[in-house]
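Each of the two complexes below includes chain A, the first together with chain B, the second together with chain C.
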Partner chain A sequence: MPESLIPIYIMGKRYEVPEGLTIMKALEWAGYQLIRGCGCRGGFCGACATVYRVPGNFRLQVGLACQTPVTPHMNLVQMPFFPANKAIYDLDKVGSPLETLLQLYPEITRCLGCNTCTSVCPQKLQPMYYVAAALRGDFARAAELSFDCIMCGLCAARCPAQLAPYNIAIFVRRYYSKHMRPKPKHLIERVAEIRAGRYDQALSELAAASEEELKKLYVNREFEKL
Partner chain B sequence: MGYPREMQESIKRLEATRPFRLRQEIPRLTPEEKNRLLEQFHPDFRPDGMRPVRVGPNKGQRMQNELVDLLEAYSRIDPERVDLSHIDYDVDVLVIGGGGGGATAALIAHENGARVLLATKLRLGDSNTIMAEGGIAAATQPNDSPYLHFLDTIGGGRFQNKRELVWALVHDAPLVVEWLKDLGAMFDTHPNGDLVVSFAGGHCRRRVHSCKDLSGMEFMRVIRDELWNKRVEVLEFSPAIELLLDEKDRCAGAILMNLETHEHIIVRARAVILATGGIGRLHPNNFPTTNHYGATADGLVIAYRAGARLLHMDAIQYHPTGAAWPEQMLGQLITEALRGNGAQLVNVHGERFINELETRDVVSSAIIREVRHRKNGVRTPTGMEGVWLDTPLIDILGGEGKLDRMFAGIVHRFREYGIDVHKEPILVFPTQHYQNGGIEIDAEGRTDIPALFAAGEVAGGVQGKNRLGGNSLLDIFVFGRRAGKAAALFAKEVPPPGKLTLEHVRRYHEELAAEGIEKGRVSPLLLPDYTRPEVKQRRYS
Partner chain C sequence: MEMPYFPGCTLYRKAENLDASTRSSLAALGVKLIELPRWTCCGAVVPLARDNYMGMVAAARILADAAKMGKTLATVCSFCYNVLKQVNYVMQRDPEARQKLNNYLEEGYRGEVRVIHALEICRQNPSLRAAKDRGSGYLRGLKVACYYGCTLLRPAAVALDDAENPAVMEEMVAVLGAEAVAYPLRTACCGSYQVLHEGALVAQKVREIIASASAAGAEVIITSCPLCQFNLDWWQERFSREDGGFRPVPVLYFTQLLGMALGVPPGDLGLERHLVDPRPLLSGAPL
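Our next item is the complex of A and B:
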């Protein structure tokens, strides 16, 4: 299949690459063996944050290299590492939600509500809203709104108030999930049974069974209905 | 964009058969039927896919060609040129690999009082773990028990699993779920707080616990955050390229490489935990893979060179549902949880051909048979073939909104390509997914080499010849915790190692030479090279 090549600029240097490739594959096609800026290659890990401009648009655009297709004359640079503030805390020894949040991330009150973060998030999240929810003490909402965050750092890179929204978010989620959601009863009970050795003997008998016996038990086990 | 016209015609047939399929029950295969299907169609049984390895502890055993290439290769290090008296880090426990298994082991070793260094190849967390969507298996429900989990796991593994490892796996499973919950992982819950569980192939109960479709991400980022909180020392972009032994062949550290400056870093450790994950990026049998960029079998290679035995390295897992369209997503994982929640596999004529909740080896073989042998595949304009995964069934069965609630990532990724998975199916074909075997361990993660532990995908025996969905996230936490604790205790109780040596590398080189294996190929691979041959040829090196 003849490929139609388009020009792109990698850190200002011109390369011709096939149309339709993702930025990541275009980098490799051009001859880069990636070290930084490449992790899962599937949009999960946030390692491949990329900043680019296209002609005719004054705005700086961002995206994940493994998810964003190249377009003609795109001028790009990868930004796989962003130094950001991360508070150190002991989740077992924290005070009330809001008080702890303000202690760990006092800068959160500086949020300007400018929504720059939202315009850059490759996950289409709205960091401004989860930051606001956290600041109201509504951790449930903040946890929900921030759950899909892959911690790529793009919001922090652009935030004029110098917040690292994703680090705030993970604290909020951990706090919420550990201290504000009930521990399931069925889990508590099962863990107690295991600790009391309830299953040890049955398991050891299985582990000692002949392969024939195991096969019989396996074939005859009953399935819960879908 | 969406689906081209030819493909849409097949979608019409799929829609027409839906009412019938909703009532259709496909019985599970008997063990004999399964074996026949595997032998005929599973890629592990392709005669030219494997060959016997000529050197090392598993000499004479057949393994995947791409892996044998790396085992029959020379070290990146010239043992004569490394100054082992210059030690850069001296620690109790060195953990190699920063995925879920390694991060867990590091955290637990730290909690048990060890001075820990974690070295990893990419960023901390860039791993297969972070990509796991479906979730973690554990018998936490009243209608379930570790007993049934044991049976499912060992049957799924074709009864080849090491029994003591399965014992530990299913026994610790609920404890691990509790541990993750206590670390602040946000599991999916019912309104009353009970954990939501789904089916996965080969499990006779619903027992896969999820955090939406970002389960691995959620576990990884929580554990990583905790490692940072505990200030455990982490070296990123510093892969291990060789293990170090002492004169008594006890493991005593490793040589790392700074990926940016290419300098060696020498680490002496009282105990070492290998948690380097899988091999997907070797592309066994030329399959695409779901694995992350760093899944290049490094841990297997360096442990093998140091004398550790590998188990079940002739068993590779091909996940039944890798994306086959659009091209840009080729080989990427389409989570099994979709099938666990009712999505069916359907051929070009709109017919089902296998019970979707059979184990992965069986379902993959059935898809390959359907496409290659029975010619019932759906063809894409670029010549790929696959079968449909009927995702709209999920909302039909589970009520509108279920897809959005549980599978937002899938919905989002396909929408980018103009495909609405609420209304249209997904085209799938098997993709390399998991290394079932690995370095042989015992229930505390110990290997054949004293002071060397292994945990997670790099280790073998837990999953037998075929892993069940949800059992790998479980594996990495169960054995990450066990190895972390055992290594910390070992470091405390056993006197420190003797003098560092690379004698094992010299011996291995001699063995290679004796087999007539020429110098030229070096391993571990560290990173795949996806640049074009034209570029490679013109490189100045």
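Our next item is the complex of A and C:
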């Protein structure tokens, strides 16, 4: 069966690509070699955020290039990285969390609630509401609302108040996990086991294994039960 | 009775005791406040230019969300009340602003929600009369200065009472068995945000307001505004440190006084969070 080609526009240039490809595969099919802006290719890492429009719809659409199929006349560009204010902090030295947040990211108070961040989130999160929760010191809520953030950066790219919501969120989640949530007992025990050398031998065996043995081990690996 | 409720950011941190005492004292009056499931800062100040639509987006969205929950939206922070009510007024009266904001928000909101302040809920509440008895006289004869500040009353179009001669707080105080003192500066501005860069100006305003209330014999001041409370409380604590002769007047949220009268457990009122400690004065009450 002959391949069905559809027109797409990559950075404004027209290409004919096979129908059914993801944006990422279409980029490669069109001849682009991706050495940045692609990571896990499984929809998790957030490296391949892409913005696009289709004719007849004024709305900017977003997707991860590795997950989003091309459609006819899609006009796209990858936005794999966006410069964002990224604060340095030591979680052991943070005093009042809200005051620290305001010092690290004072621009958070510039949020007017336009909700552009929410409209551009490929994870369908609501960055405006986790920013609002963080701003009122409700770190539990902000952590919960931002939990599935993959830090693709699109919210920062679009924010008219120039916030980087995802960097605000990761400070909140780090602080919340370290200082507010109960410590998970099983994790403490597991770290102690690792320190005591429980996995040293298994690790040495893996390091010494041949490629063939590794492939076999990988195929037969245990999956976490859902 | 349940009522959708917008607490506002400050009530999550600096004024947690305003939130807690509002929820618990209104619950004692049979009004259960249901916090909006999602909300942002209201904007805190309303844009003075009517075509500054961006500054009204957040409040308009909050109102449109509230409309999906009910006919009223309760709030207690004076600033939130003022912003929500002013933007609601714009949504009701200004067709161009309404169209612009609805177009942006993709909503069809026309100002149908009634923004209601906790003081208005009290005024309408039939249980409040009965509270006089339940109060068992903790507050009997307590001389209370009701402090309105600006944002409950100005501009007049959004005032929750007569903007020149409000009475809603005094009426509540009287029902609770305490005595509202008359003093001239009850609707004066405390200096508000000027505290950030014009501390001396706010200090002067606070001195005048306290002197006015004290001259009328006030033993305690009540307010519904976290910023008025902060300004009056913080500067008085400082005056006391600098001048041993200064006699500070504790500044409470009206909901704390109400809660005491209604028998709300003292732990739910957060009286210990104020800088000028009101507890010695109220030691007759079971705190």
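Here is the rule we go by: the second predicted complex is superposed on the first by the 182 of 226 C-alpha atoms of A that agree within 3 Å, B and C clash if a C-alpha of one lies under 4 Å from a C-alpha of the other, contacts with A are read in each partner's own complex, and residues count from 1 in each chain.
Methods note: a contact is a pair of C-beta atoms (placed from the backbone, for glycine too) under 8 Å apart; a residue touches a chain by one contact, two chains touch by 3 or more.
No experiment lies behind these values; they were computed from the predicted model shown.
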{"item": "Which superposed partner A:51 touches (first chain B, second chain C, both, neither)", "value": "neither"}
{"item": "Most chain A residues touched (candidates chain B, chain C)", "value": "B"}
{"item": "Touching partner for A:140 - first (chain B), second (chain C), both, neither", "value": "neither"}
{"item": "Chain B versus chain C as contact partner of A:187, first or second or both or neither", "value": "first"}
{"item": "Which superposed partner A:114 touches (first chain B, second chain C, both, neither)", "value": "second"}
{"item": "Which superposed partner A:129 touches (first chain B, second chain C, both, neither)", "value": "second"}
{"item": "Chain B versus chain C as contact partner of A:98, first or second or both or neither", "value": "second"}
{"item": "Common ground on chain A, meaning residues reached by chain C in one complex and by chain B in the other", "value": "none"}
{"item": "Contacting residues of chain A [partner chain C, same complex]", "value": "98, 111-115, 126, 128-129, 131-132, 135-138"}
{"item": "Sites on chain B touched by chain A in the complex", "value": "30-31, 122-123, 125-127, 130-131, 139-143, 145-148, 150-152, 154-155, 159, 163-164, 166-167, 170-171, 174-175, 177-178, 181-187, 189, 192-195, 199, 204-206, 211-212, 214, 216-218, 221-222, 225-226, 228-229, 231, 237, 259-260, 290, 292-294, 327-328, 332-333, 342, 357, 408-409, 412-413, 416, 527, 529-532, 535, 539"}
{"item": "Interfacial residue positions of chain C with respect to chain A in the complex", "value": "9-10, 12-13, 38-41, 43, 54-55, 57-58, 61"}
{"item": "For the chain A and chain B complex, residues of the former touching the latter", "value": "20, 22, 25, 28-36, 38-45, 47, 67, 69, 80-81, 86, 88-91, 124, 143, 147-148, 150-151, 170-171, 173-178, 181-188, 190-191, 194-195, 199-200, 202-204, 206-208, 211, 214-215, 217-219, 221-224, 226"}
